[in-house]
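Read the structure below first, then the notes.
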């Protein structure tokens, strides 16, 4: 069984004014695999993150669920946070109870109910998370530029000037592209070649 | 079975009791489903709501071990309503008046009290069964595995005779034989009181016939049954035991008791294909062959003889069991074991066994033969008792209801019943090494009614300890409405949580069948640390 | 028949095929058998009964072990569709498999309600008229929605989870079956969770089912599985213009991304 | 019939206007601000920007046949607002001149008639004799009672006089008329 | 209508792709657009990830409606995952219909990251639609 | 041009095409086809003797067929590299096995008729795609003569004519009769902004180059008169509006707001029929030459290359950026960047600007020795894989390859190519493909969670 | 390359379905339902479909074993049979034939059941013969 920690965020009044955050955290405590659950004023703040880190250590949590804003907003923040607490950053899941709950619902009871379900879903997923390791792959520091027109030539020069090798591939017998076909160019009417 | 399997399809009413047909005999269930499609009424009377129950027109759950009561009740209604088959009773049976008297006290009210079957439902069942053109009774271990097993079976026979639902196609009393060749091993006298073909050992003429056939003097005393032999070991009377392809340590009731016996026995020989729990205790283990590695015949539940054919060689030094037995026979000094093939053995069988007289390997290659088949031009008997019963008139046996041997009490407040799963077979020696089957389910469980689960305070999948007076096992809980309040169910395929450590070795006085289907148990929660 | 046997013998002798998967008579029973040049005498038992075994499924069993052998296989219309689909799914190499075509009898075509009871090339039998019969689908289509639901649920509830429909199906060549995924459908339950068990199999048949009907023949619970899969087959052709079992051509739009405009479904009538 | 544009004269009209007014209509970007602000545009057959467009494309006849420049009251709203600082009102004036000079039949004869009567009145009296102007104009345009109802009230308030009121020094007026003789002559050709 | 049916509140599972429709749902939040709380979103990276198994699992578990949302055609972050999604949904709907489950219970919508209003509107519409249909026949 | 050819870090492969692209960011394996030039580049001194002596003349592609080139040629005088190439479709040696003059006259013995295409494979860490554009085939406009009138030309033809070193040596003449051009009509939006012709977009550069061309026309031929038919003038750029005004005011170009409805011939002139929507009048011009500003369209082989590179493209065939605002030069495929008009019509300043951006992004990749790959991607359980390879068909990135496993060929996800969209997993019937972080099991758990029985409900049942 | 099918009877229950064992190169690789069998008519249950799986399962007994002390050790057939003969003879001699018994098997063939009961009835001389019919 996992030891999941659940942190339900007030986000000041953003969430707490609509959702009964404490009851969501209380419910979370009863979910399978949950070893610890609490509410936090601002979970993304320094204090909030410290509270999460402390809880991970104190309760030997192996997974963390934060119920707060959209993962598109703070997923990375919390991943880093639990990483500093020694957990694999991918053992983290978010429940979106702000953008997709407190901000879009008026009825407090129903919004609280929905938040609970969002937390249940996040915990259910979290319980099945496995640690992941980002992979590394070597980089061949050689660029290929396809097309020998103005853009291609310029790209080759820019990359070359940065100190990297470039191969410029042009289909026709000469580089130059359309530019070479032009007489003068606007708006300065200078020569194109 | 009095009738053959395909006949089910054309029945108008099928009364199923004590049979988890879709699990244990799926292809018979298939026929029953077909019958239903054709318009037959399906009635299921079973304490546990199994798959077949959900397909039934009428399903009712009786209390465990109350079968005689509801069958008697059914007969009383039939008589009351005049639904009995008077001409059949008159022409083909005897003892009707005694029966009438015996069932008179089983008023619907009383039956409802004993069995839990509402009287209206009972009446409906009675009507459909008695008044349908062709009614067939299907039963299985749910009827027989009781201390009152014989009573139960006889009651069903009474019912069939009372309504004349026997001796015609698609009727009859049809016990479904659990194992592939139960019928055959019984036919071939792997039972203590008869010679092959149900010829009593106590009958001097018959004994003489066999003495002549086998060329040795034979014992006139009936032998011991399985449970009796185990008891005899404990009593020091039985010293040596040869076990062929069985696993009594798991399959027999009160297995703690069996284990003690097998530990105590002087000499145990086990012939099997796997190292079973029983084989581990043996002094000599002989490697046999699986069904794919040998030739021979099986007799199906409807008395149909069929061949099995060798597809591949037995592994390594293992040998076909008939071959092994011929060698054992010779080794222990027997005569008449010089067989070169199973077919030769079968020829001898057909000779000594009148009901198999007309059967040869050639014939069963080409036709379906149900015994009795007494001569080469006898087509066999898909259904029995066509023109009369074997012993002349069908005898009604008046039977009274007896409660199960062990009833729930304060200490053991729940009733345990056992059964099969569709995915496993018997003690699992074959199915539990089959990946496809173990993938489906590979651990024991205990079905508990939600109310009981709440009382005990257990949740789904939580492991509990189930205890009877004879032992205890641990298994996870499945909460379901399929079992009645107060009843728990457990499959018996799993040696590590063997239901038979709990079951009672109470025997039916006549058939000596143990009461697998009812015993009293207690359920306890196990703390996480223990589990 | 003798001509047919001779033809197979010739194929053996010329080395065009190294084995012929057909049907042999065993006592009362016709059973599948691989005839080989090593045992030409077995051809005497060769038979073409009005009984169908999953020949292509058996072929896969053989090909798995002998991927390089040139094999002849007795194909009916349905088998040929199955082979086409197996080629598309990279299960067999068409150049190694010789189709030896059998036209089904009128009886068999009728009992199979077969829309194409013959393969492209016929080596035995006479072409009989296809049976165009979608009365099974129509009957269900015309039921009111609730009745339809009750009908299917009661059919599905008969399932004893034998997996026969899958086992006999040539299109079910996966080594591990989703139907046995405990996370999706709880294992160990019979009947299995309905309708998900049957709907998932139905969906898996989309773009794959070649309407041979062997599943339904194999079903001990007599569930009208073929009707269900035929419907999916119709949906595939109706909405996406894809018919499985045809030779070569387009790829299954449920698997093949294609370019942006590839098989955009037409609008579904929701009534 | 479509206008035929021709390399040889495409800039002719534009250059004429440039010479008359000092305004280069090729600067016009056809933003339409002149037209949108013009108080009389609703009466015009062509919007002021279209008149400029005619000049840009050397569509002289189209331009001169228009009533637009005749209706122009020279309020100069357009000129003040033009983002390219073109004096459109000045161009309108130039068009009137060109029109008279060329004897082009005015796009609006009533306006031309009014202008004539108006100028006659000035020529005679050195200033406008309102009652005479109105009566003459209404008679000329065959609408004798058009403003009749306004007469008594205006008379009673002293806004109209019954007889012409000549200015004392007629000489400057005369010389002005003398200067504009070519246009007046053009008129007589009508 | 019985008391029970009147108070029926559907449970709807919505699968949203990370790049468009989930962002659209977030935007609906940022815009404070109100919609009924019946829709429970599950985030996946691409609508092409939404296996038919997910949809069936949701119905099997008792969802009254399933909403599949993704990017508009041509906007897919993974180029064209949403095309295959549409094909799947089409076949699934027809299959559901055939077995007597109202196909309207399954709906696919393309919602851009900028269409917060559309997300809210769809949530409204779909909830109303499902509410009118009543509980799913598959609800246990 | 010369600068890029002389840079030590830059290898220029002309007359070469991309054959295939495998691999992923940091590690692309690219096969390049070096087409047979028939001239040994290492020997050729660029003396031009061969070109001079070659007897076969072919219309010059570079000069829009206004001039001729030889069968052995450099496309233009200042071509880089200054090494000719034999056009094997026209060279007598190749079509009739005759001639062979070039080989005879070459002092450097550089002519090699046997030369073969050469395939070279290189590893690259990043790819910048700058394949440019093509021009709309205006001959679909029947009303403009559909290509029948020689004196209806495109802007690019006109450019070649203006070039003093071009085919007409800078003279603007009528291709039909070589006569001087006095009255010249420019027609903008030929193809562009024409839904019916399938090019609804604005080609962006035409307004400006047309203005430029009218100015140059006036500069070179003060006696000429230019007319420009336009729908809108789009001159959004630094000094662009002023430039257009310069054309209108200083060069006397007459701009006519309206689309040309018809061009027909009348004597040796072309009558251009249009309307001036500002004046509200129909107009006609008898022109000596009509110059069409044809729409900028993708290269005909753009889609083919896109498929090779696995980058998305729009309905026209322009390559699609990962995000129109935030990732304007990145393709969705990591490590492949877009610049110039292959992405959308761009003028030179825009092209150069996006090029800088693309180059910086490419260098950004090179600034690391290793790349970190997000682990939330797909993977295949080889045990379960049935080897049907439907996942391969469903993968938008071609990230899935076949691999031997226990004697079977099963699918494998190339981790660095996978973007984690999960199309493969949803397609797999075996559940052999799964996505880390969005696995089937995890999503099933999410689906189940809201329907989970809670303790309270069980109590109710009891 | 060998592929053949062997018609046989399912070993899993009393119904007696006909099935085909698929044999490839001397190895059973699968099961097909016998289409023409009167009982199952081309259908099987899950056990039948997988009736071949246990044949090659780990733990098949392949050699006779004889107990030596606490362990069962591999022995030759002769040794095993001799042990049985000796021990049975010894028990019979000391305790009479009724001190021996056998459990026959409902999973074995008719022929085998016949042989075993014959061994006990004819060669040993006891009717202590039973099987698990009731179980």
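Points worth noting:
Going by the order they are written in, the chains are A, B, C, D, E, F and G; count residues from 1 in each one.
The definition used in the following text is that a contact is a pair of C-beta atoms (placed from the backbone, for glycine too) under 8 Å apart; a residue touches a chain by one contact, two chains touch by 3 or more.
Bear in mind that the values here come from a model prediction, so they are computed numbers and not experimental data.
Each of B-G and D-F has its own count of C-beta contacts, and the greater count is at B-G.
Of all the chains shown, the one with its CA centroid nearest the global CA centroid is E.
Separating the CA-averaged centres of subunit E and subunit G is a span of 58 Å. Here the CA centre of subunit C is 48 Å from the CA centre of subunit F.
Between subunit D and subunit E, the centres computed from C-alpha atoms are 70 Å apart. Shared contact sites, meaning residues of subunit G that touch two or more other chains, fall at 7, 18, 40, 43-46, 48-49. For subunit F, residues that reach two or more other chains under the stated contact definition are 315, 376, 394, 396, 423, 427, 440-441, 443-444, 446, 448, 450, 455. Counting partner chains per residue, subunit B has residues 26-27, 30, 422-423, 436, 440 touching two or more of them.
On the subunit C side of its complex with subunit F, the touching residues are 89-91, 173-178, 181, 183-184, 204, 251-252, 254-257, 260. Remark: subunit F residues 182-183, 224-225, 227, 245, 248-249, 252, 254, 256-257, 273, 276, 278-286 touch subunit D in the complex.
Taken in their complex, subunit C has these residues touching subunit B: 27-28, 157-158, 160-163, 180, 187-188, 190-191, 220-222.
Against subunit E, the residues of subunit F that register as touching in their complex are 312, 314-315, 332, 376, 394, 396-397, 419-423, 425-427, 435, 438, 440, 443-444, 446-448, 450-451.
Taken together, the subunit E residues at the contact with subunit A in this complex read 18, 22-23, 25-30, 32-37, 40-43, 120.
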